[in-house]
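Below are the structure tokens for one structure; questions will follow.
Order of writing sets the labels: A, B, C and D. Residues in every chain begin at 1.
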Amino acid sequence: MKSSSPLKWFATREGLYYVALAVLLVVLLPLALDPFRLNMVGKYLTYAFVAIGLVMCWGKAGILSLGQGVFFGLGGYCMAMFLKLEASTPEATAIQSTPGIPDFMDWNQLTELPWFWEPFHSFSFTLLAVIGVPVLLAFVIGFAMFTRRVGGVYFAIITQAIAAILTILIIGQQGYTGGVNGITDLQTLNGWDIRTDEARTILYFVCVGMLFLCLFVARLVQNRKLGRILVAMNAQENRVRFSGYDVAAFKIFVFCLAAAFAGVGGAMFTLIVGFMSPSFIGIVASIEMVIFCALGGRLSILGAVYGALLVNAAKSGFSESFPELWPFAMGALFIGVVLAFPNGLAGLYQTYVMPLEDKIFKRNKGAQLEAKPAEKTAEPKPTAEKTPDYDPMIDSYSPEKS
Amino acid sequence: MDTTDQAANGRSFGKGLGLKKSLMTLAASVMLATSAQAAVPATAEVNTTGLAVTDDTVTVGILHSITGTMAISEIGSVQAEKLAIDQINASGGVLGRQIEFVQEDGASDWPTFAEKSRKLLRQDNVAAIFGAWTSASRKAVLPVIEQYNGMLYYPTFYEGLEQSPNVVYTGQEATQQILASIDWAAETKGAKSFYLLGSDYIWPRTSNKIARKHIEDKLGLKVSGEEYYPLGHTQFNSVINKIKLRKPDVIFASVVGGSNVAFYKQMKAAGIDFTDEKPLLLTISVTEDEIRGIGGENVDGIYASMKYFQSLDNPNNKEFVAAFKEAYGDDMVIGDVTQAAYLGPWLWKAAVEKAGSFDIDKIREEFAGIEFTKAPEGYVRIHENHHLWSKTRIGQAQPDGQYKVVYETEELMEPDPFPEGYQ
Amino acid sequence: MSAAKSKSGDFLLAVEGLTVSFDGFKAVDDLSFYLDPKEIRVIIGPNGAGKTTVLDLICGKTKATSGSIKFDGKELTKLKEHQIVHSGVGRKFQTPSVFEDLTVFENLEVSYPKGHSVMGALGFKRDAEVINAVEEVAETIFLTEALNEPAASLSHGQKQWLEIGMLLIQKPDLLMLDEPVAGMSVTERKKTAELLRVITRDHTVLVIEHDMQFVGDIADRVTVMHQGKVLSEGSIEHVKSDPKVIEVYLGH
Amino acid sequence: MFDGYTSSELMSIFAMQGFAGLSLFSVFVLMALGLAIIFGQMGVINMAHGEFMILGAYTTYLTSGFFQSYLPSLFGGYFFVAMVLAFLICAALGAFVEWLMIRRLYHRPLDTLLATWGLSLIMQQAYRSIFGAREVGVDLPEWMMGAIQVTDLVELPINGLFVMIIALSIAVGVYFLMYRSGYGKKVRAVVQNRPMAEAVGINSAGIDRATFALGCGIAGVAGAAFTMIGSTGPSSGQAYIVDTFLVVVFGGAQSLIGTIVSAFGISQAQSTMEFFLSGSMAKVLTLLVVVGILMLRPEGLMALKVRR
């Protein structure tokens, strides 16, 4: 049970859930799907980044942002700007009146690259910006709002308004942003053609890798005291405050964390889909992202991944066969999840599947799991035995959360 | 308005849409135009790149939004493309093969368009794609079409600035629509000042850029204002006030979508009677389709510059309108884009038969100069830049929602997607 | 008597001229009082006298309109809530506010005064020191047996103790308790009084309470508030015999 | 920026922009009142508010069609019938929705947001299936067309005036209902202290349902009024939702007067800026200013200062 042996962690129940997801994403789906479908799964997974952020921000800390599309979009635009500059070599754009700048700038009579585009010639700057720009904006919003105790519904509405503002701004400033068309026709990443099947497959695996990185960061935060504070803050904000915590700082942190995840997701989206447009920033996109999180289970970071995958797969499936029905299904999903399954898939899993698992686990690995029930029975000296960084009370799949 | 349902039947395959009757009447005339094919050429000859062509069928793709905000506009195109396909099938098909189609829904979402175009090309191996409507959706599918060397037949009038070897643009590009109409306003109506107004996205902005250059540099006239509102904006009182103050001779409007309804209603309410032509309103965005939503009485007297109006008086158009109404109902109206969408399958057929092959590369060689004499708009020819030579017409809206054609260019307008001096 | 000691340096807590108004209504009106180190002070007064507001003002939950609150030489009115906590003021709310989802152990751990910054909370480890501190406090608040129970399963009285424990583990100099025995059984009250006596060995305590029996048991001095002002101050006997106090209570 | 205008023209600009601002104001008031009641008084976020408005608009559309076909002689007055019908239908649907889902969610305000968003998707698609995807035009009776000529430049559109009158009447009506009637007293009692209100015999569940229905009904009337100046399509309601919420939040959620003040401020700011800037930039600037002020003053313009 010691955390010092990371291999053993994979044999714990929580570890097995991660292994199962990894097997699904790394082995099963690539084997089962052709590159085209796999690319679509890759696209769905980019939304999972946002959903993980929302679990941390909304599920744990109770901050509902209806503007996550903003951060997703900013990360995506940063990446798109880099790729667009790479695609806009003077040779490739020779027919323009000003060769060497992106085509849409030329159409809008710009004769030189705007200053804020210049740094995006650098790949390392771009990577920094993919996380930095969303985090910076999240920090500004978070600082202004949380230090003034704006929360709950107000925060949701204001983030929604920010999504609206950014959309109008990007569409209106089309000379600088590509307008409603977005930034399209992206071809290569540092000379590597991202449009081929092989590239798309590689990008899919990169995306999965990044997703697990984010999952582990989220898990680290959730299982540390930080995660406990976030949950505690949600339930008893004043108690946390008067226990000596700067509540605003914690909220800003988790909001920035969610923004960073969304930014990474956006950048991966740009790479996988091949363009970025304002339609992923707007209100509708942002609220859809909330449903991925809600369906998966708003307290479960793994649930968020499954939520994003399932909703999007269902959307593709439905819209191929019954396009008329999809909005009804989506609407019913929102209402159903909220009314009947507020803890989403993760909640259902806990209620119905985990008891079965318990039986199987007990039969097969009785010895290994003895320690856990022992913890539950009030033992005078319990804590020394607990894995310091894994705390079942906080873990998303723990029965206490149901 | 049951057309949504008809169009939205998803992946229905293009055999018989209750069109039999109209097909019978049409078949005879079309058969003559396409000359009966005695011998069907072998599949291996006409298809060397693995397209979905069998000995008696060929599969094409239709890719429009039938859900979401753009469905309103795109459904007419879907109907027209299906009608054209059915007529071609009734007349013997293409190279002796019946056309089947796979229809995909772009869902008004640009990545979905890209995704579905990839599916059509990679999984269905379609020989042609008829689809896309907004510029954004075209820009989204363009890299995919180019990558997999497909061929897109794009029906909408658009901003130009594009010339892909993998797209045939069956609508007008901006200069075709704009230059002739501004000249007309200046010459016939004696207009001296223009107020440019549009929804805020690339097509209106580019169109107005061309219009401004033409008005100021070529004609030496005045632009008294240029203004954009977000898509979906519904409050136009401020701009109406500005127009009243600046008293332009012409309002040159490219407002689209739901904003249109609010704009014309509020103009009307503000006491502007378009039949007075003070100012004269010239639009490049209101087709007969849009008028149905705005209400004929609200646009009575405005002028539109397009290449096609439903009221065009020629035999081709009469047949087309009759067939369309027979297929989809008497209350259907046909706008400019719907007609342009109808051209797509016919132009593809002509190119395939000229090339004697479905291969994209061989077809591309043959595009320049391909004619379609049975076009409802009269006569069109493909330019080597993949756009169409076509006439530009000015129509004046009537209270019944139809346009009365008041002017038509004598010659076909040359498409010029990269107009010199307008950039 | 307060005039004699206007230098607030001698006191642990010096409240002077404190006023707060909500839309013109002065909930606390030019209030002054002083707390010696290790003193147990009880504030009593009729409903709406402004007692809870005074605690809110001291711990920073409500911002004062004017006046000063000096704690250990520091001006609290300019600090944020968590800074006030860090300078040594602990506050218990009227209704028990513990983290129901967490165990008793975790509740105490969360309050342990380490890892209170974001990064600190991320790097916080449960070492022997923490465990010892938690166990020590748990014993004081009679909850050793329940350390691994979720707080939700505790009785009302136990939750109140837990919250007091959460203050104790912060090692504050001043503890402020809002009605700590409200809703408790007789035995629990007795135990709580006992707990408070233990606490005051090393803490100054400011309590709001209605139960006069309990007040008599614990108070060094009593401050009677009425309409946002101090009505009377002194020993329990003193205030009980003060005619102003009698009038207010009887008239009420 | 005043170049090129004579002083008399400038006067007219301000007069006309003032009027444009006023008609935008009445639009905002109509949109926001229903929401202010639901959100401000009940704490429920109804994301389907726009769709309730559109339901009112479709009701008007159907009524006008009915009158044209069966009662052409009475067409001039159909609008009043349509408004009443819009109110009743939307209120009935509102009551049903409250019964179906909202009442289960009072303690989870953020969840009402998600559930009503789902409702809005369903309603939109239902409109699309029933009325078609295309916008529908509503014919106005003759007397509503045209404008009143005040000076050479200043003309006041009649339908704009009519919308203004509706907005004001509803605002006054709501004011009396909420502050001068027994029902209003009960609503406020439930808002302030639910258990106490129940203890004194107020049927709080009934009050909730009535209040939600009232808010939806007002949305319906707003939708009916909007057919005169805007478009009616399945997704037209979406365009209003952000503006509407901002108006309510900016005004201070629990204050109806605040809603009206904020509607006035935002509409005047926007219409003035629209005159001197482009429409898109005016919109962005207005939203930015509102969000900026909300960051500095999160409780809104007219919030009560209470012990928190």
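Of note:
As a working rule, contacts are C-beta pairs under 8 Å (C-beta built on N, C-alpha and C of every residue); 3 or more make two chains touch, one makes a residue touch a chain.
Predicted model, so just to flag it, every value in this text is computed and none were measured.
Counting hops only between chains that touch, chain A reaches chain D in a minimum of 1. Any chain bridging chain C and chain D, meaning touching each of them, is among A; the list is complete.
Rounded to whole angstrom, the centroid-to-centroid distance between chain B and chain C, based on C-alpha atoms, equals 75 Å.
Taking each chain's centre as the average of its CA atoms, chain A and chain C sit 42 Å apart. For the pair chain A and chain B, the distance between C-alpha centroids works out to 39 Å. Chain geometry summary: the mean Cα position of chain B and that of chain D are 37 Å apart.
Multi-chain contact residues of chain C (touching two or more other chains): 61. Shared interface positions of chain D, defined as residues touching 2 or more other chains, are 128-129, 238, 278, 280, 283. In chain A, 168, 171-172, 324, 327 are the positions where the chain touches two or more neighbouring chains simultaneously. Taken in their complex, chain A has these residues touching chain B: 34, 36, 39-40, 43, 95, 97, 103-104, 106-109, 168, 171-172, 174, 179-182, 184-187, 195, 273-275, 277, 279, 316, 319-324, 326-327. Taken together, the chain A residues at the contact with chain D in this complex read 58, 64, 66, 144-145, 148-150, 152-154, 156-158, 160-162, 164-165, 168-169, 171-172, 283-284, 287, 290-291, 294, 324, 327-328, 330-335, 337-339, 342.
Against chain D, the residues of chain B that register as touching in their complex are 1-5, 67, 69, 71-72, 75, 200, 227-230, 232-235, 237-242, 244-245, 258-262, 265-266, 268-271, 289, 292-295, 297-298. Touching chain C in their complex are the following residues of chain A: 220-221, 224-226, 228-229, 231-232, 235-236, 238-247, 249-250, 253, 375-376, 378-380, 382-384, 386, 388, 391, 393, 400-401.
Across the complex, chain D meets chain A through its residues 39, 43, 45, 101, 104-105, 108-111, 113-115, 117-122, 124-126, 128-129, 238, 241-242, 245-246, 249, 278, 280-281, 283-284, 287-288, 290-291, 294-296, 298.
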